[in-house]
Amino acid sequence: MDPAENDKLTSTAVVETDEVLGPGQTYRSVSDRVSDMVLTWPIGYRWAAGLALALGLLFMLNVALGWVFTVGVGVWGINIPVGWGFAITNFVWWIGIGHAGTLISAFLLLMRQKWRTSINRFAEAMTIFAVACAGLFPLAHMGRPWLFFWLLPYPDTMGVWPQFRSPLVWDVFAVSTYLTVSLVFWYTGLIPDLATLRDRAKKRITKIIYGIVSLGWRGSAEHWSRYEMCSLLLAGLSTPLVVSVHTVVSFDFTIALVPGWHSTIFPPYFVAGAIYSGFAMVLTLAIPLRKYYHLEDFVTMKHLDFMGKVMLATGLVVAYAYVMEAFMAFYSGNTFDRYMMMNRFTGPYAKVFWTLIFCNLVGPQVLWFSKIRRNPWVLFAVSLVVQTGMWLERFVIIVTGLHRDFLPSSWGMFYPTRWDYMTFLGTLGLFFTLFYLFIRFLPMIAIHELRDLVHKTQHEKTAAH
Amino acid sequence: MAKVPALYGLMAEFETPEQLLEAAQRSRDDGYRRMDAYSPFAVEGLPEIVVSSHDKVPLAGIVLCGGLTGTLTGLVLQWYPNVVGYPLNIGGKPYFSWPSFIPIMFELTILFSALSAVFGMIILNDLPQPYHPVFNAPRFDLASRDRFFLCIETRDPKFDIDRTKDFLIGLDPVDVTEVES
Amino acid sequence: MNDSNNEMPASNLVQIGPKPVAEQRFWRSLDELEQTPAFQKGMKYEFPEGRVPKALTGQGGLTRRDILKLMGASAGLAGVTACTKLPPEKIVPYVRQPEEFVPGIPVFFATAMPLGGVGRGMLVESHMGRPTKVEGNPGHPSSLGSMDLFGQASVLTLYDPDRSQVPSHYGHVGSWEEFIAELGDHLAAERSTGGTGLRILTGAITSPTLADQIQGLLKDFPHANWHQYEPCGRDSVREGSRIAFGEYTNSVYRLNKADVVLSLDSDFMFAEPGGIRYARDFADRRRMPDPNATTNRLYVAESTPSITGSLADHRLQVRSCDVEALARAIAAAVGLAGAGSANAPAGVSADWITGVANDLKAHRGSSLVVAGDVQPPAVHALAHAMNEALGNAGQTVIYTAPVEANPTDETRSLKELVAAMDSGQVRTLIVMGVNPVYSSPADVPFLAAMQKVNFRVHLGLFHDETSAQCHWQIPEAHYLEAWGDLRSYDGTVSVVQPLIAPLYGGKSALEMVAILRGQTGASGHDMVRDYWQNQAPAAHLPVGTSGFEDFWETSLNNGWIEGTAYPARAGGAKAGANPAAGSPAPEGLELVLRPSPSVWDGCLASNAWLQELPQPFSKLTWDNALLMSPGNGIRLGLKQADVVKVRVDGREIAAPVFILPGQAANSLTLHLGYGRTVGAGLGTNVGANAYEIRTSDAPWIIAGVSVVKTADTHHLVTTQNSHLIEQQGHYVADEESESAFDRRVMRVASIDEFRRNPDFAADPPEMNTQAQSLYPPYDYSKGYQWGMSIDLNTCIGCNACVVACYAENNIAVVGKDEVDNGRDMQWIRVDTYYRGDIDDPEMYNEVVLCMHCENAPCEYVCPVGATMHNDEGLNLMIYNRCVGTRYCSNNCPYKVRRFNFKLYSDWTTPSLFPLRNPDVTVRSRGVMEKCSYCIQRIREAEINTERDGTTIKDGQVQTACQQTCPTQAIVFGDIRDPNSRVSQLKAQTRQYALLRELNVRPRTTYLARLRNPNPEIKG
Amino acid sequence: MPQVFHRSMNTISRVSSVGLVLVIGGLLYFCWAVNQSPYYTRAKLQLEQPVPFSHKHHTMDDGIDCRYCHTSVETSSFAGLPSTETCMTCHSQIWTNSVMLQPVRASYATGQSLEWARVNALPEFVYFNHSIHVKKGIGCTTCHGELGDMPITWKQNTLYMRWCIDCHKHPQEYVRPREDVFLPVYNPPKNQAELGKKLVAEYKIHSWTRCDTCHR
């Protein structure tokens, strides 16, 4: 996609607004606007080109994973002492990204934040796809991935069970629970919109497909009442779930005694970092989407502004965690922690560390300025910087902790191989492939909630008058 | 042999949720009990008016039971292998080292609760139900777009095709149609 | 399951015959062997050169196994299956079962292995007729039950797929009959002239029977000549003894009696024929069970860090060429008349000389001066004179007849042979067991001269550089395949018994000589037996034995022949035999050539275990390098891995630089044994060939070399990265070592400090976090509780344990690139740390293996419980349950876990299958592995004692590393039994645990290192 | 608005929802069943052997002790497989012309081993020791089945780890007096419950289920 070209084409049509919804939107206009994106054929060439690129990356993922499964994880740069490299970095990164969606739909729903409406659907989709990408890595990083089912509790012919004290088993439960709950939450939200698509579709086959997946939704008041209750309950359940998932992921590190891993600050720090990177990904997706699908009325300046603020806030939490981590390393008097911290500052991976500090701490401070928060393309750039930073953060935690731990004799280095890079970039392919399919076949904004928003904003206006 | 389709009810179409609310309220005041309202989004206060019976087990109750089942499943799932099925000395920890069982118990609680909520909602709503008489209403596709419908069903004891139709017309709808069963 | 079929999947292909004890039983089915595809493939390519095991390339093609795995994976992904279906198997019994075998129970046989011609007594474990593991022979004076790395690795050479497998004629497959016929023609011609054109070249020979046979041959051919050349031979040792005593004399040291030892560039605990025994005797004086125990003191003057030097209380870094001056100065200081100048060489402080001399004088009769093999004869003569003057002769050193059957100046012998060949006198040359084309000094043109010989025959284990120049290459029988006898360092004779019939129909040197004598088909067994029956005087028959049969049986059973150790010779060094002081050593750089601590003189170059072994101190693998001090590196403007050309007298050799702390200033070291070009299997084209710069005049120490930097660098791979930091023109610190002492990983005190504070190594009480736990401790109060103690005060870092572990536990070799990636598979490793000035550091070795932590951090992170504890305190690793998350390794603070990142175990080379220990699972790809405290041995002992209704006695179970350890620094046993050796060691105040503050409660603990410095010597 | 679906779709959709759950359950059951089946475990399958050797005939009819052929069962991990010579000790005297025994005679004459199809096999990472089991009062037939009733030998049990563990956890249910270990047919006495307990104590049976019992 070429943003400049698109800017020229559409710049005249853009009317930026500072409300959560553009002016003049009606029930019908929002319904038609969003459902038309799905029901209009043929497909756009930009979408097709994007999908082709994503499929190319996905193919690379297949090649990379095929090689990993054929030869072994030895094709990556991992070794003893650095037993985890890119794979677990990617896992934590994707899981982190996956946190924004459910948080937006659940936490902001509980908080009755109206601005969640336009972004929650694709944020949830992003969550699911990110968790799917993340889930790939624990599988792929195993030495014998064909035995992955030994991590699942089932009565086997050996009479043995998973080892439930291992954070990796907790991960299995946490990630699969998160994926399942996000999926049902997302689907629940989709049901009324699928009914809209069913009702608006012209072709019989389209009607049938959307008819099946919408379960025969007819908007009955009684249904709406249970539906709303269900959404509320799911939101209430998802909020602690979101917090727990990255907490459990952080347990992968905190439970271990590796210096730089064994830290009680990790759970809140990881959760904040997850929201930070998650919102960055939402912005990364939302800004081009609103541009190319002309959604400025739905994803307004106010949305960008709010998301910028959330990023700033979580970024500051992360910054606090960084400072505390360093402080505790020195204050504790623990030789190993001190060395680990000094090694991060000045060791072989110091450049990576300082890059991450720039990306996560320094760069995002521009978000203090509302002009920046309301400049989509600067915001887009910041979101990319933050995502880079968050990936590097996980890399630094994993690699600098391991590469020089307790016994100096076994210190080593981790150098990624081309298969490391291919696997990582390949999952971007998987993610974007799924995302491209999503924006083509499902409404990327929750239509029934938009209608509700139209209703509420009109109500407010009348009340104000 | 052509069969004359039975009537499911009478459907009045409104343009705004406020009109629908008012119409529903008036129908209820008029003694109608078997009716339902259809809207493109959840209209606040509407269910209280049109729904006459309450669920025997509320959704929240189902979710609570699901959640407790999940907790218990998590506990048994970890207690049994570690204490009975195949106890192993893992890093010198006791067989029943319950603090490390908490994460999974928590996750299963959430999982079971969430699934109970969704499946509870679907089952209580009697879904999937791809065929429903109200879809026979000619303009009912607008119910998922921008129109609000009130349907008084024939099984209402007070239902009388002419009287009810008159009553509905009196509510100032866009249109009133007969819905085949 | 422990039966033949399961142990060894190749049993259908290669039927292994039982071990021939009383009679030679050849492989029943050599014919069958020849039918195997692998064999035929080898035949097709004549010599399987450049054949690299798949595991080493790391990523071969997609094999059937991979496909099965992928199928398994996809089936698994489809959620179909739970475990693998076993393939159908065949089970094949004997036709006639040999009576001495019980299937499934290993048997041990005593034999001996030659290195440099000298024997070392050993016991070899045999599983169903396959030798799998070498141990020391507890009764044999040369080993006392220990073994060095060369002995441990020799079993791999036996099964080396790159061994010469058929007689070959000009590189083509020939037959025995053709060879015998052609040889017969040439011998007939020789016989007519009395053998004027017949020459035999061997290495150093100590074998009485072989020497007797050769003498017999020389009688048959009176004008024939026998030459001996040992590349890393002991010419200067012998010459030194001749100067001192007037005749060749062998020195046998009694280090257990020595209170003060001065080593003049001698690595006597490693690189000498008696090294294993010396290490034991020396260590026995260092055990320091309590602060008041007495100990010895070791002074080492050397140019490169040696295994002996690592235990030195005072280590003097000095150029090897300055050692003579140093020796003279010390000799003068101890009052030896005529020793020459008392001036110490430049850079050696006077108090070192006087300190050492006074210490020696104070311990008359209990001191010892040892000169190194690389030192010139004069230094040896001085050492003999000093020992005489100090009254040590007969006390700490005894003099005996030489162990060589025919001691000679081997370099001269080789030169004579070359001269004879060059002048065309030689018509038939038989080379046996040596590789002179590779290992001759550069100024001895062996290769060119041998081209003038009409008929050249090479008997060798490999088709090597010399074979390539010979008309016939005859596969030699490995010592585990042939009968023979050998003398060890003190003269004790061992009978070499074969454990297996020759895999490739090879012949021993003994049988070859018999063929030359026209006795084709004479059996080695008969020759050895006949020799001892006829030649051995009746006096040799031990008291109480009725006759030869008993004597023979006893000798075979014991592994040595009673009464063959040489008695001490009367008389000492001749007075005034001290050689005149030569000209002072020239200034500038010297180059010292030494046998490699891994592959010796190159004869072991194809041994992958040894190639992959991290060399002591440098931790270099799969290479040799020009070792250089940090100061020299700065002065010459050289960095690690820069390729330089070393030039002297118009010769030059290119080698990469390795900056090694502990190397003496202006002294460069290059190990021999690398740079093989033909027939060294995986060791081919590894490293630089130092023989190319060696001369017959200066075989070890080459003075006046110059170093020229080239633009190239060479990829050097080490297992422990030393992070020397270059700062303002000099190297400052090794960050790892600094951290190691900060972290108290290595704990050291002087004897005085130890006596003042016996608890110096103990952790402060607040670090003992044992009581602070959320959980109650596991009950380890019943049954056996296994634990280990490692005495850092006696560990010499010789790597024998590492190779023993390779052999015992089927450890895979991964190759240079994978080692570079940090993926070496050794379960036990020797860590080296430096302390003090990087240009003159103290060096410390620390053996690290799985600590078997009671609160094992690896266990609770494993998602499938593949690693867990048993109630005997063992941290178990269950390979077949492992899914390979590597979490356990990440969480191991000692980083002792090893992961099969790729398929490292060789599942495809049939000749390697019988090598494997059938009691240890061969690990596959994607599986974690680690030290198991040799659980197969524990389990075997447990089962046996349970069956007999007894209990395991202390010392009944030895781990492989413990058993082989020359200094017995490693002790394993039941820590619940207060009387066990390990319990008593752990009760010592020097005991400490690595990283105790982590509260992992390791079962392996260390005894802190002590130093016994001489207060007279400052600094 | 016309109906998208026919009335019957309501039933179809509900039935198929339930059906999906049942199909998944059925698939899982199928996996389990395959795993337990002789196809997978080879239990109770009669393999083709070079000679149709009958344990029933040799032990019950002829009264030959197990240890006559499986010589190392009391001393080694491996019970031992009789050499051709062992067969020929008798069969050089009796049934000397039997066609069935032709492969045995051929083996003896040529020195070529008989190749039996393996009946009871364990994976190579399982270290089973016959001698200790025999010593602790676990009879041959406990694992190998009633050999005295087997005209041709088959694998009686799955030899799955779960099966091994069952006995290791409850040895009192299987242990027998040492003198009965080699009986080709054995029926546990009525008082097995108390006898078992007594023998477990007497033979000092450990009931080990720790992993290194079999894996190393």
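As written, the chain order gives the labels A, B, C and D, with residue 1 at the start of each chain.
The rule is simple: a residue touches a chain if its C-beta (ideal position, glycine included) is under 8 Å from a C-beta of that chain, and two chains touch if they have at least 3 such contacts.
If you're wondering where the values come from, they're calculated on a predicted model, not measured in any experiment.
A.B. asks: With respect to inter-chain C-beta contacts, which pair, B-D or A-C, contains the greater number?
C.D. replies: A-C
A.B. asks: Hey, how far is the Cα centre of chain A from the one of chain C, in Å?
C.D. replies: Chain centres of chain A and chain C, defined by C-alpha means, are spaced 57 Å apart.
A.B. asks: Can you give the whole-Å distance between the Cα centres of chain A and chain D?
C.D. replies: 53
A.B. asks: Between chain A and chain B, what distance separates the C-alpha centroids? Give it in angstrom.
C.D. replies: 30
A.B. asks: For chain B, what residues touch not just one other chain but two or more?
C.D. replies: 86, 88-91, 93, 97, 100, 128-131, 135, 140-141 - these are the residues of chain B that touch more than one other chain.
A.B. asks: What are the residue numbers in chain C that touch two or more other chains?
C.D. replies: Only 79, 82-83, 857, 860, 862, 865, 868, 870-871, 881 qualify.
A.B. asks: Which residue numbers or ranges of chain A touch two or more of the other chains?
C.D. replies: 156-163, 165, 167, 169, 198-199, 211-212, 215-216 - these are the residues of chain A that touch more than one other chain.
A.B. asks: What topology does the chain touch graph have (line, ring, star, complete, other)?
C.D. replies: Here the contact pattern is complete, since every chain touches every other one.
A.B. asks: Of all residues in chain B, which touch chain A in the complex?
C.D. replies: 17, 24, 36-43, 46-47, 49-51, 55, 58-60, 63, 77-78, 81-82, 85-86, 88, 90-91, 93, 97, 100-101, 103-104, 106-108, 110-111, 113-115, 117-118, 120-122, 124-125, 127-132, 134-135, 140-146
A.B. asks: Note which residues of chain D are touching chain C in the complex, please.
C.D. replies: Contact set of chain D toward chain C: 27, 31, 34-35, 40, 42, 47, 71-72, 75-86, 107-108, 111-118, 121-129, 131-132, 135-136, 204, 210-212, 215-216.
A.B. asks: Considering only the defined contacts, which chain C positions touch chain D in the complex?
C.D. replies: Contacts found on chain C: 1-7, 15, 28, 79-86, 88-97, 102-105, 868, 870-871, 874, 876, 878-881, 919-922, 932, 935-936, 939, 943, 946-947.
A.B. asks: Under the touch definition given earlier, write down the residues of chain D that touch chain A in their complex.
C.D. replies: Touching chain A: residues 1, 4-5, 10, 13, 35, 158, 160-162, 165-166 of chain D.
A.B. asks: Would you mind writing out the residues of chain C in touch with chain B in their complex?
C.D. replies: The contact residues of chain C facing chain B are 774-778, 853-860, 862, 865, 868-871, 1001.
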